Amino acid sequence: MEELYTLELIEKGKRVDKRRFDEFRKVEIKEGIIKKAEGSASVRIGETEVTAGVKLDFGKPFPDSPEEGMLIVNAEFTPLASPDFESGPPGEDAVELARIVDRGIRESNCIELEKLCIAPAEKVWSVFVDIHIINHQGNLLDASALASLVALLNTKIPKLEDDKILRGEFERNLPVVFKPINITVCKAGNSLLVDPSFEEEKILGAKLSVCVRDDDRVCALQKQGNKELSLEDIEKMIDVAIEKSKEIRSLIR
Amino acid sequence: MEELYTLELIEKGKRVDKRRFDEFRKVEIKEGIIKKAEGSASVRIGETEVTAGVKLDFGKPFPDSPEEGMLIVNAEFTPLASPDFESGPPGEDAVELARIVDRGIRESNCIELEKLCIAPAEKVWSVFVDIHIINHQGNLLDASALASLVALLNTKIPKLEDDKILRGEFERNLPVVFKPINITVCKAGNSLLVDPSFEEEKILGAKLSVCVRDDDRVCALQKQGNKELSLEDIEKMIDVAIEKSKEIRSLIR
Amino acid sequence: MEELYTLELIEKGKRVDKRRFDEFRKVEIKEGIIKKAEGSASVRIGETEVTAGVKLDFGKPFPDSPEEGMLIVNAEFTPLASPDFESGPPGEDAVELARIVDRGIRESNCIELEKLCIAPAEKVWSVFVDIHIINHQGNLLDASALASLVALLNTKIPKLEDDKILRGEFERNLPVVFKPINITVCKAGNSLLVDPSFEEEKILGAKLSVCVRDDDRVCALQKQGNKELSLEDIEKMIDVAIEKSKEIRSLIR
Amino acid sequence: MKTREKLIVDGKRLDGRLPEQLRTIEMKTGVVTRANGSALMKFGNTIAIASVHGPRALFPRHLQESETCLLRCRYNMAPFSVDERKSPGPDRRSVELSKVIRLALEPTLFLEDFPRATIDVYVEILQADGSTRVAGINAASLALADAGIPMRDLVAACSVGKISGTLVVDLTADEDNNSEADLAFAMLPSKKKITLLQMDGILTKEELNKLLKLAKDSCEKVYETQKKVLKEKYKRVE
Amino acid sequence: MKTREKLIVDGKRLDGRLPEQLRTIEMKTGVVTRANGSALMKFGNTIAIASVHGPRALFPRHLQESETCLLRCRYNMAPFSVDERKSPGPDRRSVELSKVIRLALEPTLFLEDFPRATIDVYVEILQADGSTRVAGINAASLALADAGIPMRDLVAACSVGKISGTLVVDLTADEDNNSEADLAFAMLPSKKKITLLQMDGILTKEELNKLLKLAKDSCEKVYETQKKVLKEKYKRVE
Amino acid sequence: MKTREKLIVDGKRLDGRLPEQLRTIEMKTGVVTRANGSALMKFGNTIAIASVHGPRALFPRHLQESETCLLRCRYNMAPFSVDERKSPGPDRRSVELSKVIRLALEPTLFLEDFPRATIDVYVEILQADGSTRVAGINAASLALADAGIPMRDLVAACSVGKISGTLVVDLTADEDNNSEADLAFAMLPSKKKITLLQMDGILTKEELNKLLKLAKDSCEKVYETQKKVLKEKYKRVE
């Protein structure tokens, strides 16, 4: 019923919440909300809410990059946030989301990982980004990617003393040099729309998530949904995403 | 049916097995029954039967207590012991029981953990207490705590040779200096009763488990069951438990 | 229906595919099919197909055999191969098969494990044999044991440089000195048959798997199926297996 | 367990509080719109969010109880909620806490009114600075009210303990780790009925009785805030 | 991510291929007789096998969808398929790939024709030398056809990417590990509809558009082989 | 596998037994009152307890077999049963042994008499000094009898093997670890039917046949004790 109504509206070029097709819901960003974390952020896009926390810990580098820090991105779709989420180990949607966020950060070279070495081949900083969904009203991926980025931007590296981490005392900021923004574009009839709500996501089966760097380069793509896209769709979606990424990036302090 | 009968009797101040409200079933303690373990005991309370075994192994101490041994308590509610128990990883009841037994031992300072250091910050003794339920006819917690304590009391520390453990040869006794006793008290109408049978447990939803040390100090409390208690109930239950703990402690060699 | 027909035929001394009772389906052996593996083989027995791959990696030896390499055999019954196999961790049939293949290799002393030491008590070669079922048309065990043996026979030990494994460059062959062959014999009425097809396995509940070494010694036995055997059955089955093992062994290059 | 000497200086705690003083309390309902009810609760830096899904049909069917509703609870800490990252997934502690939180809530509900159904209560700890389980119970109780589920009473919860020889309320993580005893407590305040009681440490009977009274008094303060928040919610609605 | 300089020498790749050249393709149907359909697909040393079981009844019953068929996919790598032995069981990568493979296949199927049922597609990678997921999709698409399941079109898939500054098709593991960007792509060739698109790396919009066209052209080559194999299959049957 | 030289000295084993001598056997039924049947069995220091639950209804329903009863077995070792603590939960060895124990018991039962039901047999090893699986089978067989479940015959089991060149019965853990061959064996004694046979080691056909006869003879001794215990049980009942 509600789905049919949403669909009919879209076919008339309208959205249930009156937004334009290229308009995000209100985006609110809060920083540093978790004092126990080395970095954190809460992002609300409309009623969707995501908290990301960054913890730093010692790690052993990979043999083929002995001086590079490690990045680990994890997402929990806790059953708190939606009746559709279940307890238990991360399902395929949570795993996919974490991996897309990970690729956006990693492939954009957003963190200077080579500046996170403590002892070559022995000890480096591991950067754990944990994404916690608080409320699921659609477009979790863009919200999660944004919360993760903002959390990284305010992350501080703890001081060391006798090889121990002094939690709560900090040495320097995490070196973050790019701001990759993820924009998910949906195909809706012959049009494209951004920031789908939960109800829109249910009926729009052809989506493309595009991660765009400050220099307008694309650093990750993921087609989502169970419907197909044409080459022309994809080209247009990338254009929309590049354009939209500038606006979202400008919201970051 | 049976439950109704049990309940009616209790309301008349009687128990199905004719015990007084403050009376335990027959308690039988056997020591050293498992030769492969460094310490062991079997406790029967009526038909309830629990075997506890203690194994000692090397452990790495926590950074903030580099000279202290480690204590690990684990309980398995094997499906052997009751049609209500299922195969698989420990359920919430087994985890809760193990954690209550652990707290009673740990908080009472019953084991002198600081005497279990082998090499500071490097190697200490880990004391594994494993609780195996053989038959479940009620009051598993008191039986498990008692079996664990008796097993610890007869535990011997193995000899070392070239940094290897010589199983079967022993150096000294495990240093155990207190005898914490766990007593579970149930609310039954306006009265309190101890050592509930399986049938009584099913109908009595308000229970308090109290761990009492030799000096009558309380070292752990856990309200159990899905019914509420008043502050006066709790005070009386603690009195009963302190009293009863002396009697049970006197059964230990 | 099909089962009844299979059974009736067997009672008349015939098999659905016209084979003699002591006759294997066509056995095809392919070697070195997986270039990424240090050793590999594909074995087809009729339509049953199994691929075995051998990977070598560093391992820490057991304290009581500080100079011996390690052997780890693992089988995956992927749901690809049969509608009867399920996703998830290996079930009891896969575990049992892997353990029987392991015992045949281990007990026959087929690999000279004492020649796989890199640094005594510190580092040895671990030999991982992974069995992957491709198609399940009966007699998986004999096919798996044969594929594993052939894979071991063509396994090469990688070169080392600065304590690192140079994948793709090799130092010497894995020292394999025996060729243990596993033969599963089924009781069919008053007769015995070998190499049961999938349909035959379903109706023949009394089987014995016999692993035979080049010197006709028996190095592993496992009764399988839910029907019983007499002592006389077993003696005859072992005779059949010893005889048949020579024929299968002769198929190996 | 080692205890630090100086958790009380000049009669005050390290964060400046008096022994019987709670930290700043913050409560809010309706924070998770996809749930039937939800609430956030803070004791100082400790942040708990709870949401309630249900009553709803329970599957698979063979788990249904024909006479009553299944109450299920899950207590979970976010990986970034503590100093050393907690790896995701349940550990033994959270399994136990999930159980005691369920039992702390159950007496206030009329579960027999929803046979074959389940009510699911999820508690997430976003930041852990002590007293997380009691913060979770306070949040859960508000979330149940927010969901409009009939209750005999709210459930109010707090922690008390003994640090540096002094009886105190609402322990921080630092106080908890260095306490001589700590006690978690929940009650139905208007009925004066206790539904959660866990203690570990070493206490005489007399100390224990004093702590229980302190816990009861503190729960009553929590209760006042809970009621105020709910009143405001209904005001908003009208 | 480090990139090796010399992946292209004198306009040729390390295995001698031209930038836009696919490796030798090998395809075969009917390799798993116990399945309803199956196929093997090789891009050079990469070997994928797929089998299809179903449509078949789905248990437990409460998972059944009354209006449609559940499509399930599992992508799995054999422990010996890679240089360092992969320990058995799903990891995060294979969980994601199982999902995107399912979504790459779903648009070609008429799932609503088999309500309450399930179609299970299993993809095993026996040897991994790059492009495993697209090899798996090609094999799965042939296996669905081999099973006689009605399809709108075959699904053809390939990888493309940018190595040493050059746009190339069908990346090997070595090329993939040292690429500046790699892109996995699947389409319904006769309908020109894309059903899989994943990219990571750094690309300008222009490079990306060129790569997409390269991917489309390569899929059409794969498609020709797929059709040929199926034709031969039906010839054999007749 | 290394073998110690001196497991036999002056024709006697390290614990003083003759080669063909069983350790002291102890058996007892009714040790687990919450089960339908149960028994304890000792070979010397090896202690096995078995309990039987059922026949009882099987859930979830889609696992039920309409023509027969599902027999399920679980073999488990207590963490303290061995020298080095065994971490709880099933390992590959216990998965295999659970299966072979089930198959050793199945031929003696009339499973088709209880369609849709399950019989669950649980075997716990409290102390492991060799021959644990056969001790478990003996205990399980008595537990089935104790539960009043109709059986064609009891199942009697024992281990045999070759140590220091000598064929022996009922191996200890020390003997097993240093044996040239060991063999686990179970039979329906009055029917002379073998239901368990596992061997590893190196044996000629002749040695193997001798061992099998030794195993059969030893099982008959075990059987005598089993029958005596059951007779006493029924005497008690009368």
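Labels for the chains are A, B, C, D, E and F, by order of writing; each one numbers its residues from 1.
Criterion: a contact is a pair of C-beta atoms (placed from the backbone, for glycine too) under 8 Å apart; a residue touches a chain by one contact, two chains touch by 3 or more.
Quick caveat, the model's predicted, so the values are computed rather than measured.
Trainee: Given the pairs A-D, C-E or C-F, which one repeats the contacts seen at B-D for over half of the pairs?
Mentor: C-F
Trainee: Could you give the separation in Å between the centres of subunit E and subunit F, each centre being the mean of its C-alpha atoms?
Mentor: Using C-alpha averages as centres, the distance is 50 Å.
Trainee: Once you find the CA centre of subunit B and the CA centre of subunit C, what distance in Å lies between them?
Mentor: That pair's centroid distance is 48 Å.
Trainee: Indicate the whole-number Å distance between the mean C-alpha point of subunit B and the mean C-alpha point of subunit E.
Mentor: Computed from C-alpha means, the inter-chain centre distance equals 57 Å.
Trainee: Could you pull out the residues of subunit F that touch at least 2 other chains?
Mentor: 60 - these are the residues of subunit F that touch more than one other chain.
Trainee: At least two other chains touched by the same residue of subunit A: list those residues.
Mentor: Those would be 90.
Trainee: Which chains are in touch, pair by pair?
Mentor: Here the touching chain pairs work out to A-D, A-E, B-D, B-F, C-E, C-F, D-E, D-F, E-F.
Trainee: Given the complex with subunit F, which residues does subunit C contribute to the contact?
Mentor: For this pair, the touching residues of subunit C are 64-65, 92-93, 95-96, 98-99, 103, 106-109, 208, 213, 216-231, 233-235, 238-239, 242.
Trainee: Would you mind writing out the residues of subunit E in touch with subunit F in their complex?
Mentor: Within the complex, subunit E touches subunit F at residues 59-61.
Trainee: Quick check: in the complex, which residue numbers of subunit E touch subunit C?
Mentor: Interface residues on subunit E, with respect to subunit C: 31-35, 38, 45, 47, 49-51, 53, 56, 74, 76, 78-85, 88-89, 120, 122-124, 126-129.
Trainee: What part of subunit B is in contact with subunit F in the complex they form?
Mentor: Against subunit F, the touching part of subunit B is residues 34-37, 40, 47, 49, 51, 53-55, 57, 74, 76, 78-83, 87, 89-90, 128, 130, 132, 134-137, 167, 198.
Trainee: Going by the contact rule set out above, which residues of subunit D touch subunit B in the complex?
Mentor: Going by the criterion above, the answer is residues 1-2, 92-93, 95-96, 98-100, 103, 106-107, 183, 187-188, 191-205, 208-209, 212-213, 216.
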